[in-house]
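Comments concern the structure below.
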Amino acid sequence: MQTIFSIAVDALAYGMVLFVISIGLSVTLGLMRVVNLAHGAFAMIGGYIASYAARDLGVGYGLAVLIAVFGTIVIAIPIERLLYRRIYGRPELTQVLMTIGITFCIIGIANYVFGPTLKTIPLPPSLQGSADLGFRSIAVHRIFAIVCGLCVAAALWYAIERTAFGVRLRAAVDDAAMAAALGVRTEVIYAVSFAVAVGLAAFGGVVGAELLPVEPYYALRYMVTFLVVVSVGGAGSIPGALAACLLLGGIDTTGRYLMPEFGEFFFYLAVIAIVCVFPRGLAGRMK
Amino acid sequence: MSAIFEVRNLKRSFGGLAVTNDVSLSMAPGDRVALIGPNGAGKTTFVNLVTGNLEPDAGEVRIGGESVTNVNAIDRVRRGLVRSFQVTRLFQDMTPAEHVALAILQRDGRAGRMFGNFLSMPGVMAEVGVLIGKLGLRDLAHRPVREIAYGQQRLLEIAMALALKPRVLLLDEPAAGVPQSDTGRIERALADLPDDLAVLMIEHDMDLVFRFAKRVIVLAAGTVIFDGSPADVTKDPRVREAYLGSYADASSAA
Amino acid sequence: MTTATTNQAEAPLLSGRHGLGRDLAALAVILVLAVIGYLLFPNNLALLTRIMAIALLVLSLDLVTGYCGVATLGHAALFGSGAYAAGIAAVHFGITDPLLMVAAGIIGGALAGLVCGVVILRAHGLPQLVLSIALIHLFHEFANKASSWTGGSDGLAGIAPDPLFGIFAYDLWGRTAYVFAVVLLAIVFMFLRLVVRSPFGMLCRGIKEDPIRIQAMGGSPTIALLKMYVISGAVAGVGGALNAVSTQVVGLDSLSFTLSAESLVMLVLGGTGSLFGAVTGTIVFMLFEDLVSAANPFHWLTMVGALLIAVVLFAPKGLYGTVAEVLARRRGAGR
Amino acid sequence: MRRIILAALAALVTSAAAHADAIKVGVVGPFSGPFALQGKNFKAGIDAYMALSGVKVGEDDIEIIYRDVPQADPAQSKALAQELVVKEGVQYLAGFYFTPDAMAVTPLLEQANVPLVIMNAATSAIVTKSPLVVRTSFTLWQTSTPIAKVAREAGVSKIISVVSDYGPGIDAENAFKTGFEAVGGQVVEAIRMPLSTNDFSPIMQRIKDSGAEGVFAFLPSGPTTLGFVKAFNENGLKDGGVKFFAPGDLTQESDLPALGDAALGLQTTFHYSVSHDSPENKAFVEAAAKAIGNPTELSFPSVGAYDGMHVIYKMIEATGGEQNAQKAVDAVKGLSWTSPRGPVSIDPESRHITQNIYLREVSKADDGTYYNKEIQTFEKQGDPGLAALK
């Protein structure tokens, strides 16, 4: 019994970390319809900036997170204007080619600037160590990640479903011409959503760095995981992504506990089963 | 004469709204029937139920006396129930000759052949030539579809349907979107359809309906409210109400 | 006008273009390229052989992606299955004749194609992409697990193909392997030209554009696509077997997501939906990679990335696709 | 057309002319990609050796040609090796980080008349694939066997083995199991986890549930070791008194800054520590640090490369620069010298390096950096893996 609880806690923590890191992709993929394989690259940029700020400049953790999020957005703005704007609404394969190209470039540059070694983001004392749950202990930063995940989920859901911006965004996505006719400036909407997505990526990259450490190949190493999680949830759906992360996190964690040597099989068989049963994702907005 | 195409008590509702409500009709070879109705009468749903793209809640569809209710859309085509589309669905990079040839090979079960180019299959090309020639598309036979006019694309849709040698042909607004100057050619093509073919045309344009159909069926709020000769249709009070009165009145009358 | 048309109606319709001349021209292009490659890089035949094996994979990917519109990031599953089938035949069953090994590769690839097709064709678009990713990981893990058959992560070594026809041994300079590769590629290329132009090829192009329309013609998109997947598997299997024969070792990388993604990149780079596009993309990508990674082994990835971005910006239909379009437009303007 | 032929001829001529002067050594390794750090270490080791011993052997200049195989890819590795031999005319092949890449090259050696000096790839069987292979790195068997003794001596009798599910991981598991059972211990469970595992919490739960007193772990050096060690601490295993044993891949020096305090006190056995106290090592570290640029990036592949170069220099001396692979290999059989890692020799039979294996503990230096502190030496260890193969 205790073991089951313990696995459940691990599954929740892992699922929420996955959620925090990949939810930004759900925005680009589901709402902006861009297969953004460079999502991990932006998360990695966030991680590098936070690491640099915290280790080399010695700023506090909270400030480092803020610097990382805004720094990444600042870096992403010219990329959006020069490159992404050219692939909105283009065929998926073209988007794949472009975003893989961007990923390669970012990896190469990160490798050049920061070197190939692992970079860590020092945690503040309050997030270090373990908390005792009675039947087991859990790292405090994992609890922090769970809380972050819930906050991000709530905030995003509110922004998309309940604010004027969300309405405009959904209109721009569903029918760009109609939205433009109604006076929605789709260009601005897209730029803002992209910035939000990139900011989320950076935030996730920093918060998740304890689990997925920052190094140049971060961008490629976890690309598939992000893509799979978001698609299984149904691109563009916040509750869907949350459900997918928890479900896949649960399957992954249980699989690795019960039969670690077949961990991969469990995970990917589950993915195939879910996609076949819910071809539009657990809660897809796709038509 | 036995019916080639029959629909019996077809029903389908979406979330409590009966979009097709107990529709029955029967057609014999050579029949020219027009199906009309105001917007939202359930014509599109009816077509999808008949072709097998949508499953009915109840009722039956029969082709040549055989029930095809449990047969999928593809096999219904193979049994001779062929449709055209309201908006043309053609392959933009292919030529009319290729379209028609593909339909012929599909009909003969040879479309899966991996060798040979049908441009060099004399039997097929002769048939393509005949079909395309009848519809006046010869000069365009080898131009990609995206380069030819919409009216001609509509003719090509008819040519493809004919290439499948149907027993029952469902024409979904065959003249929709065609400029006035070209409707004549389409009408002529419709007039030339084989005599033993049963044709059900869904149409808005009443002029076309009167010239083409020997029989008119009026659908309103998912129910057949009239089935008779074109001459009588305009006199029928229920039809008048369905078209001229409010939608609510029509449905309460039904 | 109208009368003229009706009079002509009974006359047989002449075909607009002839295939044979173009086929021979295509064959000539491939052979000339092969000879140029041999002359330009006489000491680098192993690389050229490898390019041709990968070109077979990219061609095979083009069949399902370019001609049928299936989105997949898991196509190496077919290639790797072919490679392992050929390798296992040689190592565990003593089938070391190169031609028989290729046959084994074709069977292995086709079977993998069938399995992948059944799974991948259940979805469209993004979910389809995810299914393909899941599949390639399953294939990879399976090969890793079955290490007594596949050698696991150490690779399947000890493949010793017999001399071709009992005469031409696979030597250090790789001449036999090169000629073998050229012949295989040429045969497959010509075969695929026939297939994509055949009624079946036309049907697949139709399915890519509008599967509903094909259904309305009584055609079954699923069966046609599955058939194409099997053909694609056979082609990729030839590539895999060629790789096994020429390098005499099969590694897990041949079943990797990385190879799948790279092959997709090469295809889009060259231009989807044309056989020459697939071959062009492979040659350009791999030669470019070889060039920049030899020039600067430490930072070549950035340059490859820049190449991909440049292609999207300046040659949106892929290298071959864009050139072909420009030429066609110029010809059209000249007319 | 004429221009093409001319270009082809020009290419032929230049490639033929390139043969003349220097003796070329082709080095294949991961110089880009996720393992670029290890490739960088190859280069640093080679550069260090050439800086200390000169760029000439006798009259001959030595030229190094690098080729990149970012990830295990035997087909590419073989193609590149073939190119190095045929086009560049190298007399020696060296490097190779991954086992399959090295395996793919062995069938070429005889015909090419080229010896292969392996600077890392650590599966025992490679040296048996061709008589022209010499290895100056280590094998997992070599580094994982001594830690079994250490674990037993620390009073652990029940242990759980956790390894990454791929060739070297399985080697490590087998080596440890054999060694541990020989000294009377019991491996209660052996877990193999996929290489792509990110979250190790469930694994830690398994370790806890197994009731073992200690854990033997092997993961390839790199990002995952960080997650593993942290998970070990955070899930209360360290505080719960579970002892941790591993070969030195887990605490390679370039990962230590990232591991930080989490790794303090971890005991590992390995053939080389950057902190090894000897004049040879001091000179080596100084030269290699200069070559690599950032001293914290220095790690074990550099010493494999350094000693590999030593072997190649000796081969060139013995053959007088003439290309004779068999003679070159024969010349280094039984060769012994003092490497930066300590006294080493090439076993004449297996052509694998015999060396000391050190037990180290991760400690904090006075300046706040972390290092592997050598606390025990197992002298002259051969490769037990070769015996296991038979």
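Worth a mention:
Note that the chains take the letters A, B, C and D in the order they are written out, and that residue 1 is the start of every chain.
By our rule, contacts are C-beta pairs under 8 Å (C-beta built on N, C-alpha and C of every residue); 3 or more make two chains touch, one makes a residue touch a chain.
Chains and their UniProt names: A = Inner-membrane translocator; B = ATP-binding cassette domain-containing protein; C = Branched-chain amino acid ABC transporter permease; D = ABC transporter substrate-binding protein.
It should be emphasised that the depicted structure is a prediction, and the values quoted were computed from it without experimental measurement.
Chain C has the C-alpha centroid lying closest to the overall centroid of all protein C-alpha atoms shown. Chain B and chain C, compared by their mean Cα positions, are separated by 41 Å.
Look at where the CA atoms of chain C average out and do the same for chain D: the two points lie 36 Å apart. With centres set at the average Cα position, the gap from chain A to chain C is 33 Å. With touch defined as above, residues shared between interfaces to two or more other chains in chain C number as follows: 141, 299-301.
Among all residues of chain D, those that touch two or more other chains are 32-33, 36, 40, 165, 194.
Chain pairs that touch, as defined above: A-C, A-D, B-C, C-D. By the touch rule above, chain D contacts chain C in their complex via residues 4-5, 7-8, 11-12, 15, 31-33, 36, 39-40, 66-68, 71-76, 78-80, 82-83, 85-87, 99-100, 103-104, 106-108, 111-112, 123, 125, 129, 165-168, 170, 194. Contacts from chain B toward chain C in the complex involve residues 51, 73-75, 77-78, 82-83, 85, 89-95, 97-98, 101-103, 105-107, 110-120, 122, 125-126, 128-130, 132-134, 136, 138-139, 141-142, 160, 164. Partner chain D is touched in their complex by these residues of chain A: 3, 6-7, 10, 13-14, 17, 111, 115-120, 130, 136-139, 142, 210-213, 215-218, 220-222, 225, 252-254, 256-257, 260-261, 263-264. On chain C, the positions that touch chain B within their shared complex are 2, 5-6, 8-13, 15-17, 19, 194-195, 197-203, 205-206, 209-210, 212-213, 215-220, 223-224, 227, 231. Every residue of chain A that touches chain C in the complex is listed here, in rising order: 29, 35, 83, 86-87, 90, 92-94, 96-98, 100-109, 111-112, 224, 227-228, 231-232, 235, 261-262, 264-265, 268-269, 271-272, 275-276, 279-281, 286.
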